[in-house]
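Lettered A, B and C in written order, each chain numbered from 1.
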Amino acid sequence: MLKKSFENVRKNCPLIHNITNYVTVNDCANVLIACGASPIMSDDQDEVAEITTICGGLNINIGTLNCRTIGAMLIAGKQANELHHPVVLDPVGAGASRLRTDTAMQLLEEVRFAVIRGNISEIKTLASGSGTTKGVDADVADKVTEENLDDVVAFAKAFAKKTGAVIAITGAIDIVADAENAYCIRNGHPMMSSVSGTGCQLSAMTAAFVTANPDHPLEAAAAAVSVMGYAGEVAYSRLGEMDGNSTYRNYIIDAIYHMTPEMLEKGANYEVR
Amino acid sequence: MLKKSFENVRKNCPLIHNITNYVTVNDCANVLIACGASPIMSDDQDEVAEITTICGGLNINIGTLNCRTIGAMLIAGKQANELHHPVVLDPVGAGASRLRTDTAMQLLEEVRFAVIRGNISEIKTLASGSGTTKGVDADVADKVTEENLDDVVAFAKAFAKKTGAVIAITGAIDIVADAENAYCIRNGHPMMSSVSGTGCQLSAMTAAFVTANPDHPLEAAAAAVSVMGYAGEVAYSRLGEMDGNSTYRNYIIDAIYHMTPEMLEKGANYEVR
Amino acid sequence: MLKKSFENVRKNCPLIHNITNYVTVNDCANVLIACGASPIMSDDQDEVAEITTICGGLNINIGTLNCRTIGAMLIAGKQANELHHPVVLDPVGAGASRLRTDTAMQLLEEVRFAVIRGNISEIKTLASGSGTTKGVDADVADKVTEENLDDVVAFAKAFAKKTGAVIAITGAIDIVADAENAYCIRNGHPMMSSVSGTGCQLSAMTAAFVTANPDHPLEAAAAAVSVMGYAGEVAYSRLGEMDGNSTYRNYIIDAIYHMTPEMLEKGANYEVR
C-alpha cells in the first residue's frame, strides 16, 4: 500500500496549497516538487479561497502565524472542506503560546482535517486543549519510547476517533493512526532533528500523499512519513566527514527526488498495531 | 552584446530593491550577489520609496502578495519611474486568482516596466486581462513549441509594443522581445523546473542586468535569460548520481557565481527573429 | 574564555527567540542548531511576550521590518529585559531609510541590549542618530583598516559605554568591545560577503552565546564572532573549483556544526586592545 500511495503522487502530481511559515517555506516547496507534487504558497484572505479551489489539497502550518494569516487559514480550510479537498494541520509550537494553542483549537473546531501531524507535545496539547511545549521541539518528558509505545498508540487512536483525522506523531518512532490501526514506523536518523523544518516538509508531503490517495488517508500519511524517514537514512549514508546539517538538509530533499516507490517498499520499516 | 551586458553588471554592481515573495527570497538574494549585483529586500509602505531611491533598479514579484505589500509595490514602482530606475515585473500566478490578476493589471496601469518576465500563461493573462493559470506553473495548453514559436514571437512583440516593456516569456524555449526584435533562447535544462524559484531568481537578475545597461534593455534581459539557462546546463553537468533538485538549486547559483562574460558568449544559444 | 563560552552553548542548548527578516531566516534557524542552540521564530504582537518568556534569549533583526513586526520587537524586547534575558540587536540597513534608523533608535531607547552587532556603517548610524548606509552593505568610506583600527576601537568602546551593550562591528577586521576592552578578530574570508545573511546568522548565534554565558557577554560575543569567521575559513578550504557562494553558504553552516571548542581555541585569531 505504501508503494501504491507513492506511485499515485508521482502519477497525479497533486497541486498543494500551502499556508505555512516563512522559516522553512522554501524547503516545503522543493520537497513537494521532489516527491512529484507541485506547490503554491498563498496566505492573503482575499485570495486563499480561490487558490485552494484550483488546488487538490491544503497544508496549514501555524509556525510564524500572525493576525493576518490566521484568518486566511480558516477561510482556506473551510473552502477546502466544502470542495472535499484533504486538509493537513501542522500545529507548530502548539502549547508554546496561547495564540498558537487557541489557533490550533479553533482550526480543529471549524475545519475538518484529513491528517494532523506534529510532535508528541504538540499533539498532546491539541488533545487536552493546553500544553507545555518548549519551543518547537517536543518536551523530553513526552518522549515516545518502546516502553510507552502502546500507550501512545492508544492515545493516537483515541484522538483520531475524536477528530476523524489521521494522527501522525513523529519523533524517534513515528506513529500514524486512525481510530482502528496504527503504523509504527522506525525509519529516520537522529541527525534529522538537526535540520530545521523536516517536520514542516513532512506535513507538506503528507498533504500531497493524501490528495493523491483520497480513499486511503491512513496509508497515504504512513507512506509520506516513511518517505521522509527513509530519505533521512539515505541522505545520512551520503554524508562526508565535513558535511553537517546544512548539506544534510539538501541531501534529504535530493533523496526524495530520487526515491522510487520500489525503493520505498524495500526501505520502509514499520509494523501495524 | 550579451557579453557586454554581463560585463556591465560585474563592473557596476547595481543595488537592486526587491519586493518579492518569501518562498524564494533567499535564492533571489544569493543569485543577485552571484551575478555581481547587490540585493536589498524591503516591503513596508513607510520605507519602500526611500529604499528604491538609494537603489539602481526595482524588482516586483507578486508571489505571496498581500494587502500590505501590494500598496508597497505601487509606491515603489511609481517612485522608481520618477527616478527613471528600471522596474521588472514578475507576475507570479497571474490568472490563478483574481487578486493576482487584478494586482498585476493595476501595476501595469500605474507603473512603467522595463521588463515583464513570466511563463507563457502568466503573460497571456496580462495581455488578455484574465487567465486560467494553474498554480504557478504554465498551463500545458499554452506550451511554447517549435511549431507555435512564430506565433508566440508575434504575440510577445505585440505585447511589448502595447506596454513599452521588454517581454520575457520563459520556458523550454525562452522568448525575449521588444516591439521589433525577439531573442529566441534555447539554453537551460528540463530539470530546472524541479527547482522552486528559478523564475523568481531570473527576474531578480534581469533587474540587475537592465539596471547596469539602461540603454539596452532588450539585450540586457536576453543576457540575463541566457545566464540563467546556461547556468542550468553547467550545473546539470556537475550533478552526481544521488544529487537531486536541492543540490541542483545550489549548483545553479554556483554556476552563475563562476560564469564570466566570455563563458556566456560561448554558451549562449539563441537566434533573433 | 572563547573555548569555555562555546562549551557552554553546547552544554546549555539555549532556546533563542528570533524576530528576524524573511530573507535569511532559514539560515538563522539552521546555524543556531549547528552551534548547539535551538531556534524559535515568532513575530506576532499577540504572542511574542509569551514566546520570549519560554526562551533564554532574544535576537531582534530589523531587516524586512514592517509596521506589524516593529511593535512585536518592542514588546518582546521589554519582556526580555524584565526577565533579564539577554537581547541582541542587528540593525540591518540602519541609515538606509528613516524607518530603519528610527526603529533602531527607538529600540535603543526602550530596550536594554546585551549586544549590538552590525557593520561599521550601521553602528555609526546608531551612534550619530542618522546615516548614509548604502543598502545593507557597509559604505566603502567607513571601511575598517589596520590604519584606522585604533580609532574604530575607541569609537566602539565609547558607544559600548554609552549604551551599556557589547558592540560588535563586523567586516574584514571584527571589533567586539565593551567600555574597557576590545577584541580585534582577524578570522573570516572575503568570500563570506558573497553569502547573503552571514551577518544575520552571526547575530542569531551571538544571542545563543550570550544566553549561555550570561556573566561574560564580551567574551561570549567575541566567541560567536570567532566561530563565524573561523567557519568561513574552514568552509572556504573545502570549496572545489565549481563551488560558488551557494555551496559556500552550506559549508559555513556545516563547519559550525562540526566545530568543537578545542578547534575554536586553535583557530581563533585575535588580540585584545
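One rule holds for everything that comes next: contacts are C-beta pairs under 8 Å (C-beta built on N, C-alpha and C of every residue); 3 or more make two chains touch, one makes a residue touch a chain.
What you see is a predicted model; the values in this text were computed from it and never measured.
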Is the chain-to-chain touch network here best called a line, a ring, a star, complete, or other? complete
Give a one-word verdict, same or different, on whether chain A and chain B use largely identical residue numbers at their interface, taking over half shared as same. different
Whole-Å separation of chain centres (CA-atom averages), chain A against chain B: 33
Among the residues of chain C, pick out those that touch two or more other chains and give their numbers. 22, 26, 68, 249-250
So, in the complex, the side of chain A touching chain C is made of residues 21-24, 26-27, 63-68, 93, 96-100, 134-137, 194-197, 242-247, 249-250
In the complex, chain C residues that touch chain A: 15, 22, 25-26, 29-30, 33-34, 38-47, 50-51, 54-55, 68, 234, 238, 249-258
